[in-house]
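Order of writing sets the chain letters: A, B, C, D, E and F. Residues in each chain are counted from 1.
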Amino acid sequence: MSAPAKIPDPLDTSLPSTRNLQGFIRDKKTIEVKLTTGDVMKGTILWLDPTCICLNDGSDQTLLVWRQAITYLRTLGT
Amino acid sequence: MSAPAKIPDPLDTSLPSTRNLQGFIRDKKTIEVKLTTGDVMKGTILWLDPTCICLNDGSDQTLLVWRQAITYLRTLGT
Amino acid sequence: MSAPAKIPDPLDTSLPSTRNLQGFIRDKKTIEVKLTTGDVMKGTILWLDPTCICLNDGSDQTLLVWRQAITYLRTLGT
Amino acid sequence: MSAPAKIPDPLDTSLPSTRNLQGFIRDKKTIEVKLTTGDVMKGTILWLDPTCICLNDGSDQTLLVWRQAITYLRTLGT
Amino acid sequence: MSAPAKIPDPLDTSLPSTRNLQGFIRDKKTIEVKLTTGDVMKGTILWLDPTCICLNDGSDQTLLVWRQAITYLRTLGT
Amino acid sequence: MSAPAKIPDPLDTSLPSTRNLQGFIRDKKTIEVKLTTGDVMKGTILWLDPTCICLNDGSDQTLLVWRQAITYLRTLGT
């Protein structure tokens, strides 16, 4: 049996944190996320996977935030 | 046999650290938590899972603190 | 059975984040990537594997960015 | 066979580092621990598990230090 | 069956990043590597394993760079 | 079959980095180690395990350096 390939954690939708993030996507909720560098990024979440959160920050660029660098994420507005 | 999917660590309730956090939730204990960025966040813990601690900081926003960014957590008050 | 050797995560091409990066390579998209040290590096991605992203920053040097150090990556220009 | 749940590392008491920490608990040794933020915390260790070290810093609060944030730990006094 | 001992990832020579590093060793290529502390170290790579890169920085000392602390590595000169 | 308990990586003595560290212990070599906080600690290594390096820094205290916080280690003197 060859060594088991290790697949990045699947996105565990049984976790409240994953369900919260998926809710923010569905509701197009504006959020801010603070990274280990101190950067604070604001926008809506387009999609997420075990490695990244893709953020729409109002520019027409693709912005991939690495989940390893997230310290906290907070909703904004109503 | 397909490569084993790796599920984030289940919340090991046999650990004293997990049981302490669950006690703070039950008792609505006010805590402060310091993150790797130096941010100190205060409030009560609403829920926790292997990825995040959801904190009620008195605002009506949802605040998800990533456990990977926690350096220490301390109770406050009586 | 000898202890299973752990192979670095294979590059999971089922993930949107991996597919996005592969698209940037194919389209020779200019990107910027911010590292935990605050360094921001600009260029096009030549290749990527589970450990590194190889960036062409316009110099004729080989530049290997460790994925563990990435906080965010953003496309630039059109 | 469902995907194997990954349990946080059990506290490996065969390791000298674990045995040292358990000795400090038994002897109520005063220690200082430096965290990645630069915080230095002093006190005696009440208990430890794979995630946290619970420190008695002389206040009547519960202080949980996350092991992921420890850079070094040193004994103090005699 | 005793719990599977986890051996540090073997050096996966199928990865382009590993092959690049091995090429720098073979060609005695001068490189610079930037660490999470901001330190930039220059020299040639003597050997590498899953934990460290051994760098010859021109001093007659042994210099072990921990791979966990690498943010980027770049070739220098021709 | 209950979920496999994950034991911290055994100290892989087949790795050159481990063999180097063991050589420094045997030869009572003076080394300096730089941590992610910028702290530089000097002394001789008394023992090491997968979690810590125990350093004799000339004080009569026990000094446990967490390997997760090491950026580089260098020999000093002859």
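Here is the rule we use: a contact is a pair of C-beta atoms (placed from the backbone, for glycine too) under 8 Å apart; a residue touches a chain by one contact, two chains touch by 3 or more.
For clarity, every value in this text was computed on a predicted model and none was experimentally measured.
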Farthest chain relative to chain B (centres taken as mean CA coordinates): E
Centre-to-centre distance between chain D and chain A (centres being mean Cα positions), rounded to whole Å: 31
Separation of chain E from chain F, taking each centre as the mean of its C-alpha atoms, in whole Å: 18
Chain C, residues touching no fewer than two other chains: 1, 4-8, 36, 68
Graph class of chain-chain contacts, one of line, ring, star, complete, other: ring
Sequence of touching chains round the ring, chain E onward through chain F: E, F, D, B, A, C
Of chain F, residues touching chain E in the complex: 4-10, 12, 15-18, 20, 34, 36, 38, 67-68, 70-76
Footprint of chain B on chain D - complex, ascending: 1, 3-8, 35-37, 39, 41, 47, 49-52, 54, 61-66, 68-69
